[in-house]
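Read through the structures below before going on.
The same subunit A turns up in both complexes below, where it pairs with subunit B and then with subunit C.
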Partner chain A sequence: MRINWISIPAALILLMIPSLSAAQDSVENLTPTDDTVSEVVTEDAAAEKTEAQPAAGEPLLEPDPGLDTPGVITVQDKPNNAGDQLVVTFEPAVNPEGIQCYNVYRRIVGEVSEDAWNLVKVIPADEPSEFIDGYDPEYPIEPGVLYEYRIASMSLEEVEYFGPVYGAEIAAEGEWFHTSKVRLLIAGSLFIGLIFYYFGKAQRGTKMYLRPIAGIEAIDEAIGRATEMGKPILYVPGISTISDVATIASLTILGRVARKIAEYQTRIIVPNYDPIVYTVAEEVVKQAYLEAGRPDSYDQDSVFFLTQSQFAYVAGVNGIMMRDRPATNFYLGMFYAESLILAETGSLSGAIQIAGTDAVTQLPFFITTCDYTLIGEELYAASAYLGHEPKQIGAVKGQDACKAIVMSLITLALVLGILDLVANTHTLDWLRNLVTVSIVE
Partner chain B sequence: MKRTVPLMIVMVGGILMMVQYFIPHQYSQVIFNNYLEWAPIVGAFALILGVGSLTRLHTHKIRRKAQNWQYSWAVLIPLFGMPLFALIIPQSLGGGSDVHGVHDFLFMHIQVPIQSTMFSLLAFYIASAAFRAFRAKSALATILLLAAVIVMLGQVPIGDVLGKWLPNTGLWILRYPNLAAKRAIMLGVGFGMLATNLKIIFGVERNWLGGAGK
Partner chain C sequence: MYDTIGIWVGAFFTLAIYSFLYKENPVYRLAEHLVVGISLGYTMVLIYNTVILPKLLEPLFAGNHWILIIPGLLGLLYITRFIPSIAWLSRYPIAFIMGTGMGIGFPLTMKAYVLRQLEAAMVPLYESGMPWYEVFGNIVMIFGTLAALIYFFFSKPHKGLFFGTGSKIGIWVIMLGFGATFGFTVMGRISLLIGRIQYLLGDWLHLIE
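On to the complex of A and B.
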């Protein structure tokens, strides 16, 4: 069955558009039930939030004359979450004298037992009287459940003076769309769309130029060198898990490299750090030998699991380098502190070394010690370079187009920055606000 | 079938995860958490395969009396000895709850020092790598050397003594040219990841499937 792949992301994006409009109102409308308190609820507040009402049938506790107690408690649903958080605000005591802190208690509406009250927050008297309830995993907020609150003023002698009980008429609800991720959705859709546009373009047969990358072009030469010397080739797929994109990129390159190695009848050694990566790597190499028409040459001991301990793995790989003296070492994938130890040992053993990683902190070590280094995105592009498949090349061109958009925005920011300096305007702020996405809420 | 089923699982899972990112609702979170919980379960089974692979490799070496076959015992004995001590003889021969077991003793007094030794090699390798990187063979290498000297002196107290300009210039190098280069790499990595993920989700890249990919 032939599938039009372009139609799938297009349908996906189309499906996402209604979800934008259907984004749930982040705050629930609530109807105050108690006339005495509803007087202080403004119309805006009724739409946005509600003041918690004194619970029906619950006798209001008179505050101890010795210590003032907090006033009205307001409860709001926190938007853009799974319905597991409430924003609780209260009016601090008018006379804070002698108050050490406020103890906030919560229980489910309908529960009458005093033991049902859970202390969910202790707020020092001089701190803001607003907090997000639901962070404490011991007392989680359940979606759709109504809660009531009461706050006690704690004296310096650690005596609690309770204020009235307020039953929140609002329950926490999860939203179906994260409204603060709209910009990410637009940018993501644009970039995905561009990549698919180039997929399609490449599939239609448009010739595309890829700039040569020395590290990738050297792969053939490195395999040839090992063949001539009659020595094995060591391939290290990094020390990350299969969920790391760099590891997946490394395994796709391994398939291409192993096929060439099988054609040249050279020995390959693939020590693995992660057991899942090992199982995939074994399949990849086996298939490469099959494709090269040499399944009988495949040695099942060539791909193996070594250890999941970082420095034990380094010791093991270094041992292989010093004993077997591979002619070529590939380090492709995700690396951490072991990168330099591996590459230096490989350098001492006299092997030609090709490295590639997207770990920015490890790149200087590889650049210093290896003959060729694939920097960042080149690791992801290597598979396309080696395979020469149109769609793969299209993906690389799509990446370039995405980068061109970002470069244009940077150039625009530069121009606007200069304009702001010269004309004393604030155009750069406009651009900054347009593209900035808050990472932490 | 062998190819279609894994590809469909990847496609559905990949699209689900993409959409899930924009949905904070509890149902979406439950699906996401369930998905994450599967990973360690699969990993546990894969570990059995991994240990099996290592055992097979070294038993082959011992049986064939391959070169350096004696070292294979150094792998196999701890490989099975450590779990044995942890599970069967958890307490030391002396007994008592305050006394650590043989496993703990071997871990703390053999494995940890060996690992620390390996890590400490890094200091020497950094020195030799720095020596190689900072040789002023060309104009660009000289600039690199100068920048490195300024940044390094700017990070230590003597830099302050030599002149305020040293830490300030070092900071400027780190904050502007260095950060710009790092961000450029990270940007490329981000787009590379996006493209690779799309290739895998939509079946353009199938090498990771091994035999099932063809």
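On to the complex of A and C.
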């Protein structure tokens, strides 16, 4: 069968003629007689034409009905800070349909430019309508400055519908005293007081006992072994910063170890990860050689900075271990994922290894690969053991007293828990509240 | 093109580092020195672009953050280490960092490692409706914590019923905890190894999808 292709568009045109005619009739029917009505209709029609008229080739869109916007915004100063935070609360939109999130904008009162508005927070529509403003370092809150806020409801198509502007009636103010840290102050003062008490007691000449720790007693033996073998000693002070307690403890031990090494005329190698730790370690070793009466034996290249990249540092230290073959390796300080790689290589090189860290996740690796391991607080106590100075021994005794307080409180809680069970009281809650500190301040 | 070169370089250095498992060799040494040197150079550029430029130089030259001159000068004092006669000045920034680090760290440590832990250990052994395993868990936690604390007593000899037996139980509890941590961490490391093998067999050799 032969198809006449020209007849198809012709038929379509014929079908469209009645509908075009009907449309013309409807426009004529809308034309008002009254001038006023005419104006309104004309405006409405123009508006409808703007919203609904699609660009050529695009599908026809439904007119956007708009979204509901949030209500009243209230701003309060957040207590216990440096005057750099405000608590902002707003009434969420009554009709949340179609709202993806709320965009919170802030600017300083008095600024009129639209560019002055900064987006400070995006809150998903289903989340609480309260937040603390001032966390974003890009847009900090200045103390004593008044701000105004406006919130936009953002649609799923990422179109913003702004609510009214609300000016904050109060500005952020800083406080001198953080009232929610009173418990920390009391606990800290108690612990420091106890340490200073025993510190003073030791200085006055009171003899204090320290139980032996195998890892610390092995330090002298390990240095002696390296001396006998004529091989160097490797000392790794961890890969943390100088502010870390474990690093400070490690550097104190380094001083004692370096002094012994200087006396025995052995070589020490101290590769460093942190530049500041490196400068301190260099000073400590230099001072140790001076105290040992052998400043001329100090080798400038014995303490050096390697790199500040974790696994590059490991690669470097491993290379040193396999090339220089130190007889003794010390890993004292703060360690992360590199601990096993270091200690395993040291073990393969045949060195005697002494490790010490307070990193709970790394201790198992040191325990399995090293000859001696100082666990947690043993590392802090090591310098007192090595130095035998009354002040440091007093400090260890003071720390023991602090632990005794903690143990007493846990035991008391245990007893009160049983009492609550038997007598149906709530004494344990009371005790818990005494030591409770908030997670987020 | 560049992606292919990158994959080949990555594969070569992965194998170069793994060659250490056999023994220390020149290929490992090449990889070691390159990674140390490149990481150092990269860190310097990174610190300049993320710290020195945006947090010191830009605000300073913008003219409204003159207070930044103080930390800038403190930082410059480190360079005095190169001049022996005034090298002692470099101790000031070190002292400043140690002091502020300890000052900020003390309350945080007190809170996270003492008070929060203490609060977590203050739980009732039993409450109505509590399953038996939770009761058992509470008993292990409370007595385990007390025993571990006894182990860390340095000023008393570990003898007798309280300190002797207590510290022995304490070291058992600590070792059991370490065993669990060891297993957990090894699992993480195995996943890292799998990642490298996937890179070699997939991205490089295209043997696996």
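The rule we apply is simple: the second predicted complex is superposed on the first by the 282 of 441 C-alpha atoms of A that agree within 3 Å, B and C clash if a C-alpha of one lies under 4 Å from a C-alpha of the other, contacts with A are read in each partner's own complex, and residues count from 1 in each chain.
Keep in mind that, in the parts below, a contact is a pair of C-beta atoms (placed from the backbone, for glycine too) under 8 Å apart; a residue touches a chain by one contact, two chains touch by 3 or more.
Predicted model only: the values in this text are computed from it and were never measured.
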| item | value |
| --- | --- |
| Which of subunit B and subunit C A:A413 touches, first, second, both or neither | second |
| Touching partner for A:A214 - first (subunit B), second (subunit C), both, neither | neither |
| Touched partner set for A:F191, first subunit B, second subunit C, both or neither | both |
| More subunit A residues in contact - subunit B or subunit C | B |
| Which of subunit B and subunit C A:V145 touches, first, second, both or neither | neither |
| Partner chain in contact with A:V122 - subunit B first, subunit C second, else both or neither | neither |
| Contacts of A:L156 with subunit B and subunit C, given as first, second, both or neither | neither |
| Which superposed partner A:L431 touches (first subunit B, second subunit C, both, neither) | second |
| First, second, both or neither for A:L421, with subunit B first and subunit C second | second |
| Which superposed partner A:E377 touches (first subunit B, second subunit C, both, neither) | both |
| Set intersection of subunit A contacts, subunit C complex versus subunit B complex | 181, 184, 191, 241, 243, 245, 248, 276, 279-280, 283, 306-309, 311-312, 315, 319, 323, 337, 340, 360, 363-365, 367-368, 375-377, 381, 396, 399, 403, 406 |
| Residue numbers on subunit C that touch subunit A, as the complex places them | 17, 20, 23-24, 28-29, 31-32, 35-36, 38-40, 42-43, 78, 81, 90-91, 93-94, 97-98, 100-102, 104-107, 109-111, 114-116, 118-119, 121-127, 142, 145-146, 149-150, 152-158, 174-175, 177-179, 181-182, 185, 189 |
| For the subunit A and subunit B complex, residues of the former touching the latter | 5, 8-9, 12, 16, 19, 80-84, 143, 174-178, 181, 184-185, 191-192, 195-196, 199, 241, 243, 245, 248-249, 251-252, 254-256, 272, 274-276, 278-280, 282-284, 286-287, 290-291, 300-301, 303-312, 314-315, 319, 323, 337, 340-341, 344, 358, 360, 363-365, 367-369, 375-377, 379-381, 383, 389, 391-392, 395-396, 398-399, 402-403, 406 |
| Complex interface listing, subunit A residues touching subunit C | 181, 183-184, 187-188, 191, 208-211, 213, 241-245, 248, 276, 279-280, 283, 306-309, 311-313, 315-316, 318-319, 322-323, 337, 340, 360-361, 363-365, 367-368, 375-378, 381, 396-397, 399-400, 403, 406-407, 409-411, 413-414, 417-418, 420-421, 428, 431-432, 435-437, 439 |
| Complex interface listing, subunit B residues touching subunit A | 11, 15, 18-19, 21-29, 39, 42-43, 46-51, 53-54, 56-57, 60, 67-68, 71, 111, 114-115, 118-119, 121-122, 125-126, 128-130, 132-133, 182, 185-189, 191-200, 202-205, 207-214 |
